[in-house]
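Going in written order, the chains are labelled A, B and C, and every chain counts its residues from 1.
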Amino acid sequence: MESSYLLRLAKDRIFFALIVFFASLTILPLLFILFYILKNGLTVISWRFLTTLPKPAGEPGGGISNAIVGTALLVLTAGLLSIPFGILVGIYLSENPNGLMARWVRVSNRILQGVPSIVAGIIAYVWIVKTSGGFSVFSGGIALGMLMIPIVVQSTEETLKLVPGALKEASLALGASYTSTILKVIVPTGLSGIVTGILLGVSRVIGETAPLLFTVFGNPFMSYRLFKPANALPLLIFNYALSPYHSWQDLAWGASVVLIGLVMTLNLISKFLVAKWKVRS
Amino acid sequence: MKTDSLFRFILFLSGALLLVLLGAVFLTLFFSSIPSIKSFGFLFVFGKDWNPISKEFGALPFLIGTFLTSTAALLFSLPFSLAISILLGEYLSNPFFSAVFKSVIELLAGIPSVIYGFWGLFVLVPVVRWLELKIHVLPYGVGIFTASLVLSIMIIPYSAFLAIEILKLVPPEIKEAAYSLGATRYEVVKKVALPYSYSGIFGGILLAYGRALGETMAVTMVIGNSDFLPKSLFSPGNTIASVIANEFTEAAGRLHLSSLIELGLILFVLTAVTNILGDLIVKKMSFQES
Amino acid sequence: MESPILEIKNLSASFSGSLILKNITLSFPRNKLTAIMGPSGCGKTTLVRCINRMHELVPSATVSGSVLLNGEDIYHLNPIQVRRKIGMVFQRPNPFPTMSIYDNVIAGYKLTGIKLSKQEKDRIVEESLRKAALWDEVKDCLHQKGTFLSGGQQQRLCIARALEMDPEVLLLDEPTSAIDPRAIQKIEELIVELKKTVTIIIVTHNIAQAARVSDYAVFLYLGELVEFDQTEKLFTVPKDKRTEEYLSGKFG
């Protein structure tokens, strides 16, 4: 009896130690990755780095301005395509929680959420690149937008579901029409939740590379045009990381720091919004 | 009232459009695959050779590459994600430490795939090469093993997050009952919490697997890009996603491109089925609770 | 008088800084049934959860003072030892959903890794289920899941599960509050029967129930011990005005 009791306590301790060990071990790769990237990337970053074009292979210096512009254009296109549509679908789902059609829409959205990003690239290639005759920012925006839609839909639906039903009834009872109740009462109440979802969507697609490979393609020069190939941060990292030139690899490290910085900032803002929103409701 | 019915119609239309979108994705993949499907039929899946010059396209090397990489990655990551979820769910009462672990998960999830690949290429590949020299296999450095290492780090946050949600579904009353009978924490986790969540954890594993199957960039950068059947865990290879990423823009001719798109179709169906199954199993568990 | 089985001395307990129990001192007589009464939020549940050290499972919970079981301070033992000597039944029936009825009864042994022979298991299962007055109802479906039983049956299964390790004290935390009224009587009869062999402490918000089943009664109010006496005395000649008001239904 006594020995089995001690054995049980020992097992309990060992188990706890193992759990702590394995859980703590996951911190290591994070530290390694962040440390390595910051070590190589921070020294590269400067105002010139952010505002000049990449130099030809082998020449030191140069910047990533075209990639920053390209990524901004991509996010803008993806956002314009996915945000209004995603919000409308989200409203539809929260307004029809149990309909047969809504159920199918929900399942479809879930499948879209799982679509591998490279597949989104293929689709944008077949739809846009092949028919318009060339690589373009627009086709990349379509691919990224397709990845963003399910995120916006889901966060909109979940946020709006939390809006108390009494609010809707109160508005309708005051004689407001269904349309203005939804657009002026329900959506504004859930706005910060919807915005959070949009930010998370952007932070998810901003680092996507696979769908850009055969849509945006890459471009060493500056381009503001929607129907021409451009550069983008993740694309630049991919191309230059695999290049044999140190100066290009340096650009890739610097761009990695910028990209991680952007993603973390978006996540921080959305976290802040979530916290603020929780207090209010 | 007229605007109301118009608004309702617009909402309905948006929902319908989402269905159309999904259908269009599937049909696009399917129709673009037709040349390849016509040439190879079902044998596409079993073909061992992938040779753009002789126009011979078989998907087996990539199916096996995908299966090996994802399975190994999942196995590597499982102890870590389970440990995090058990630690957060059952042990940590200190809000500081749970915040630390949660931030670690979120930060890991926030790093873009291409940066994992970049880091893997410069840090992990030399380490694996050294390891391969030690155990006397060909020191490629890159290969399926390296890809699954990077992939396992990448899916830890996702699977840990799922496991946390699943363990949350275990009713606190039955854990209390076990404690009241004199069980230790270890015994409660092993004999009450985990048995209760087995089905949910299995669903979560499927979902994490679905995520791993489609991961492209990091894998592409460290897997070695070989179109031959992998001979071992250490040989270079390709996954479905990585071969598409590598060859799509340089596809030599219609049949090559169509075969790559058929690979995309296979990947799409695989992830969709895995995700739906995973969802169903996890959902079944949350219903069982109430 | 026989020495008390359980003595509580200067017990205080809190949750995240707010004091739930204030300096309670109390002795529970052996093989008697003591009811703990009081309006909701008075600390009844916390008090019993301090007796088997379940209170401290909640993060941010603190305890001070001592609880002596047969003269030994349970706060000097490991909680897992304490909980085997002091069994507990909860408000809501909570059989293990992954286990059969049979396994639920011997869950204490299964969880703590004690190996039993088939005959021992069979004997313990039958004995405990008989004690819990459930044997006749479930003897033909012992290997089905316990969650298919009715609420009252589930609760008796939980009582059987708490009895199987031969605890010295059995804590019942409002055991009938989530049960169909028709099933309550059966459980009360069972409790009265059980007190012949085990000391029972029952938390109840039901004054009539306390009057029906208990030998001694405790009245707690806002975390303070107001009165402790034989049930008959406490109900007929309460010493404290607050007890009198509570018994006459003034606190709801």
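Following the convention adopted for this analysis, a contact is a pair of C-beta atoms (placed from the backbone, for glycine too) under 8 Å apart; a residue touches a chain by one contact, two chains touch by 3 or more.
Everything numeric in this text was worked out from a predicted model, so none of it was measured.
Participant: Identify the chains adjacent to both chain A and chain C in the sense defined at the top.
Facilitator: Output, common partners of chain A and chain C: B.
Participant: Any idea which chain sits dead centre by C-alpha averages?
Facilitator: B
Participant: Based on C-beta pairs in contact, work out which chain pair has the most and send it over.
Facilitator: Most contacting pair of chains: A-B.
Participant: If you average the CA atoms of chain A and of chain C, how many Å lie between those two points?
Facilitator: 53
Participant: Can you compute the centre-to-centre distance for chain A and chain B, using the mean CA position of each chain? Integer Å is fine.
Facilitator: About 17 Å separates the centre of chain A from that of chain B.
Participant: I'd like to verify one number: the distance from the centre of chain B to the centre of chain C, where each centre is the average of its C-alpha atoms, in whole angstrom.
Facilitator: Using C-alpha averages as centres, the distance is 48 Å.
Participant: Going through chain B residue by residue, note those that touch at least 2 other chains and give them in order.
Facilitator: 184, 187 - these are the residues of chain B that touch more than one other chain.
Participant: Which residues belonging to chain A are in contact with no fewer than two other chains?
Facilitator: Residues 8-9.
Participant: Spell out, as numbers or ranges, the residues of chain C touching 2 or more other chains.
Facilitator: Expected reply: 80-81, 112-113.
Participant: Can you name the residues of chain A that touch chain C in the complex?
Facilitator: 4-5, 8-9
Participant: For chain B, which residues count as touching chain C in their complex?
Facilitator: Against chain C, the touching part of chain B is residues 93-94, 171, 173-174, 176-184, 187-188, 191-192, 195-196, 288.
Participant: Would you pull the chain A residues touching chain B in the complex into a rising list?
Facilitator: Counting only chain A, the residues touching chain B are 8-9, 11-12, 15-16, 18-23, 25-27, 29-30, 32-34, 36-37, 85, 88-89, 91-93, 95-96, 101-102, 104-105, 107-119, 121-123, 125-127, 146, 149, 153, 177-179, 182, 203, 206-210, 213-214, 217, 234, 237-238, 241-242, 252-253, 256, 259-260, 263-264, 267.
Participant: So in the complex, which bits of chain C are touching chain B?
Facilitator: Residues 52, 54, 57, 59-60, 79-84, 87-88, 90, 92, 94-98, 107-108, 110-113, 158, 161-162, 165 of chain C touch chain B in their complex.
Participant: Which part of chain B faces chain A closely enough to touch in the complex?
Facilitator: Those residues of chain B that touch chain A are 1, 3-4, 6-8, 10-12, 14-19, 21-22, 25, 28-29, 32, 79-80, 82-84, 86-87, 91, 101, 104-108, 110-119, 121-123, 153, 156, 160, 184-187, 189-190, 210-211, 213-217, 220-221, 241, 244-245, 248-249, 260-261, 264, 267-268, 271-272, 274-276, 279.
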